Amino acid sequence: MVATVQRKRIEILLDTPLVPRMIEIIKKVDISGWSLIKIASGGSRAERWDHDEVTGAAAKSIILMIANEEKTNQLADAIAPLLESYGLLITIGNVEVVRGDRF
Amino acid sequence: MIVETLTSPVILFFILGFFAACIRSDLTIPEPFAKAMSIYLMAAIGLKGGVEVASTGFTTELAAAAVTGLALSFALPVIAFYLLKSFGRLGSIDAGAVAAHYGSVSVVTFVTAIELLTNQGMKPEGFMVGVMALMETPAIITGLLLARAASKDAKQDGSGNLAHEVLTNGSVVLLIGAFVIGIIAGTEGFAPVKPLFEVGFKGVLCLFLLDMGLIAARRLLQTRKITINLAILGIILPLINGTIGTVIGTSIGLDPASAAILGVLAASASYIAVPAAMRLALPQADPGIYLSMSLGITFPFNIIFGISLCAALANFLAPITG
Amino acid sequence: MIVETLTSPVILFFILGFFAACIRSDLTIPEPFAKAMSIYLMAAIGLKGGVEVASTGFTTELAAAAVTGLALSFALPVIAFYLLKSFGRLGSIDAGAVAAHYGSVSVVTFVTAIELLTNQGMKPEGFMVGVMALMETPAIITGLLLARAASKDAKQDGSGNLAHEVLTNGSVVLLIGAFVIGIIAGTEGFAPVKPLFEVGFKGVLCLFLLDMGLIAARRLLQTRKITINLAILGIILPLINGTIGTVIGTSIGLDPASAAILGVLAASASYIAVPAAMRLALPQADPGIYLSMSLGITFPFNIIFGISLCAALANFLAPITG
Amino acid sequence: MVATVQRKRIEILLDTPLVPRMIEIIKKVDISGWSLIKIASGGSRAERWDHDEVTGAAAKSIILMIANEEKTNQLADAIAPLLESYGLLITIGNVEVVRGDRF
Amino acid sequence: MVATVQRKRIEILLDTPLVPRMIEIIKKVDISGWSLIKIASGGSRAERWDHDEVTGAAAKSIILMIANEEKTNQLADAIAPLLESYGLLITIGNVEVVRGDRF
Amino acid sequence: MIVETLTSPVILFFILGFFAACIRSDLTIPEPFAKAMSIYLMAAIGLKGGVEVASTGFTTELAAAAVTGLALSFALPVIAFYLLKSFGRLGSIDAGAVAAHYGSVSVVTFVTAIELLTNQGMKPEGFMVGVMALMETPAIITGLLLARAASKDAKQDGSGNLAHEVLTNGSVVLLIGAFVIGIIAGTEGFAPVKPLFEVGFKGVLCLFLLDMGLIAARRLLQTRKITINLAILGIILPLINGTIGTVIGTSIGLDPASAAILGVLAASASYIAVPAAMRLALPQADPGIYLSMSLGITFPFNIIFGISLCAALANFLAPITG
């Protein structure tokens, strides 16, 4: 059987216009990489939105990252001050990673 | 003119979209298609404006209109800001963000106005495209300064970035770029590519306004953030700004069509460049408010009434000053 | 006429797409582009139909065709349902779902038929667009009633919703909306937007049929849910329905071209409005069956043979009744 | 270090035409929000499908939600009767959430 | 309360041109199904890429699968030889699945 | 000619895109729109080429050009491979992968060359479209053989699959398919669909090159994998290959325009068919290298200088051989 190691799977759901700012922060924490997934639509109790808008201002994306626990904590600390004003949603889960030495 | 407006296919498609969203139809225009149409429209008007300027040359009218446009974009948010705070009861941050939208311009409102006016024999100057491009961004600066002066929460972080992001905004670059290409290529160089940009233009505008109708109505239906007072401001602000723009346009010596267009630019509210900038510069401001006011109320109002009112005012003023 | 059909670029692009999928090429048309073309085609035929009706006025033929179309859409699923249960050996739920598809219509088959017939000097009436729009939804009701009468599993949940969802279906709203805009705008109002909808039409139809060829063949190759008997029904049903449609069309006094189009509408099977409705109303029905029959078998059959057969039948019947 | 709380990450894979029905159910359970991700293509043992179809009937999406355990259970119960006929695929995982009081 | 079972949630992040090869492997292991999610853009320490390219060669996707532990291990073993040359990123997490007997 | 090139809107849009990316503007063309334009352009040139061949018939020149094109595509990677290994200091696997790109062709470079040459009164033969389609894939085989001969890591797995994947590559199938449809339909059959493919062509090319400018510049800015020597090779390889292609084209008796186009095909580097094939066949090769060289360096060089140089060379050689 292939060897696996435990890593964190981090998802940050945020407004697409804010993505470049977030990437800068991610780079400062020196996380090995990131992948962006577009959200097609969404809603909360108050509102509903669709990606299908000429104005990109309402679009949302998920930044997905695999990182070790240490980097994950550093990232969480680096993002903390923005949480309220940027309206971020951050989840951190445990995953087994094959070829995990890279992260 | 409002009757003529209401039987033009361009406007009828907007109404169809609005209606479809109101009956909660699942009709949607795929987002990349809408973006493609918006790129096409901006390239087309940029090119055509540039080609016209290439043949008329730089005039004093052009310079006067450019300076006036810049000044309007800087100044208009101030009026909006105080009305939004007092009558609209918004906090400083939200008021600054909304005000920036009303100082800036809506490309589609501009294009629709050009269409409707030209159909009625009022042909605005080609350089008004350049004026529009100039008016897109100054309002962002005023809006931010107003919000920051009045609120300590509107932090200064990333102002340097913001200037860059605003000036290199995709729609600004495309509009100005196509305008410059039009000037360089001139009538002759434009000829081979003209068919696409001429033949498709009005039809694409129809389909684009169909989408705008859907978006505007869905915004209105899905939001719970618009109070009666804000809705009223969504109509009063374009009336005030449109009047200011048309009057000043006439007084600096623009022909009635171009003066009306300056009025329309002043009356219109941005829904592309400014929302993205506000999301970055004032993340605490609620996008639900500024998008709903700009897209859900002011845009439809301008398309159906505002453009005709500016044209009527410009025609009324013309003999007085002329 | 089948030879002429087979050398028309429109059909050749369909065959190219079908062939590309069969050799397992990775050629794909991006989905938003396909949706954009479909929106363009529906807006174009809606507008053109409306403009024609605006100039010919409402006639008794129009009324007769509309009533007949509605009746056909309600009635045709009944025949299909019994054949699908007996010969096709489907359960009641799947049979009802498939039957609804065959009562409704395929917009692209309609557009292709208009193209092929017009090329051969048979010009159908403009109001047939309206007839098509009317025929899209009644079959859904019949299909559901049949499934529910025969099966207790086909629960009633959400019937209220369904009526709404079916009547506000995007393609129905767009077709009828564009048709009404065409009537309001008339020839003169249509003129400025005409270039886009005229110049691009046949070329877009080529590229759209390229995509339909890819989709049809991939459906056929990827499914394992089509028995021989179902495949045979995928050809027999359009033959039966096409004959019924053409004969009734001729007997109510339509010209041969319009009668042939009514036949094509009857012969065609929906692949947009009905599948979405069935997924909601009969979620237990297997989409693999109805999409494969409608898109994989009946659609190609109609494009390549069905249209020509209806035209031949209409021309054959014309001197008899005329 | 930023404080996190444990929440459930729920993914519902379903046919896109069924999404509005599912949102209604989600709203009844009063989950704070949802985000929709489009599936580009997929397959099972029997069939393979692509999103690239003019007919949207074959398209699939994932509804992603973060919720606390109580709401998650309520949602699972509310959806249970539809499982078979709608062909849903539901997964529930544990994640740490920053700013978790909202859910 | 609805019954759930524990299953593995497998994500394979890979270059889109390699997806068909990977599907073949997945079918050999006889996993019950898979779903594909497009990545819009991404980056590592060295490079940044966007999906918006005419050439699809730089595009990336995630293959998402739910499977039981046994199949998951078989899959990991089957993919192992490709890990380095294909540059795959594989994560395996635990999830509760409703209607889990299918996997 | 380079001055004329630089004031053509087609090229100006490319420069605009390049410039926008350099100032880090967020301007983007939605990917499905770019794919749609690429499908449109390939269908259009395929059709037009086929229609021309249908009217001129199969000539010995056509046969000579086809054979020469095939031979060039097989042979050119060999030169490239040794330069990339020696001067470029690449390993065998990367060198083989890059070499394959330079043996194959770039459709957009071809289309732009046709545009620029035709504008200057040099009209290439219609069959050059077919030659281009033939040149797309042989280089892949040579590139792979070179990599495998020199390296044991370049495993043989899936060669059978690869042949299939390369021959059924979407762009190859579409180009050849449209070419064949053009031949079957002929001038008359093409007439009804011609408007879309004629009217839009040059305008679409502008918007497509806008996107290519963005992509090329972003590639250059985002990569860290291009050494100075590789950058130099990105310019030297098209010079060498372009000279070989133009000289051989002239010597087999092609008119100057067609000889120049053969030179452009030789000079151009693939960025659609080959990268996808290399990702499959040589997964160890670094896409960062071959995409950056092909898209970031050679493509812009050819658009702005290479095409003009091939044309100049062909015109210079014409009186010598003619």
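Per-chain residue numbering starts at 1, and chain names A, B, C, D, E and F are given in the order in which the chains are listed.
By our rule, a residue touches a chain if its C-beta (ideal position, glycine included) is under 8 Å from a C-beta of that chain, and two chains touch if they have at least 3 such contacts.
All of these numbers come straight from a predicted model, not from anything done at the bench.
Contact with both subunit D and subunit F is made by C, E.
Shared contact partners of subunit A and subunit C, listed by label: B, D.
In a homomeric contact, the two copies may use the same or different surfaces; for subunit C and subunit F, under half of the interface residue numbers are shared, pointing to different surfaces.
The chain with its Cα centre farthest from the Cα centre of subunit B is E. Chain centre most remote from that of subunit A: C (centre = mean of CA atoms). Chain centres here are Cα averages; for subunit C and subunit E they lie 39 Å apart.
Computed from the mean C-alpha positions, the centre of subunit A lies at a distance of 18 Å from the centre of subunit E. With centres set at the average Cα position, the gap from subunit E to subunit F is 34 Å. Contact of a single residue of subunit B with at least two other chains is seen at positions 28-33, 35-36, 199-200.
Shown for subunit D are the residues in touch with two or more other chains, namely 37-38, 93-94.
The chain pairs satisfying the stated touch condition come to A-B, A-D, A-E, B-C, B-F, C-D, C-F, D-E, E-F.
Subunit F contributes residues 30-33, 35-36, 39-40, 43, 47, 164-165, 168-171, 173-174, 177-178, 181, 184-185, 189-190, 192-197, 199-200 to its touches with subunit C in the complex.
Those residues of subunit E that touch subunit D in the complex are listed here as 1-2, 4, 7, 9, 23, 30, 32-38, 61, 66, 93-99.
Of all residues in subunit A, those touching subunit B in their complex are 15, 17-18, 21, 46-58, 82, 85-87.
Interface residues of subunit B, counted against subunit A in their complex, comprise 28-31, 34-35, 38, 158, 161, 211-212, 215, 218, 222-225, 271-272, 275-276, 278-280, 283-284, 287-288, 291, 295. For subunit B in complex with subunit C, the touching residues are 7-10, 12-13, 16, 19-20, 23-33, 36, 119, 198-207, 210.
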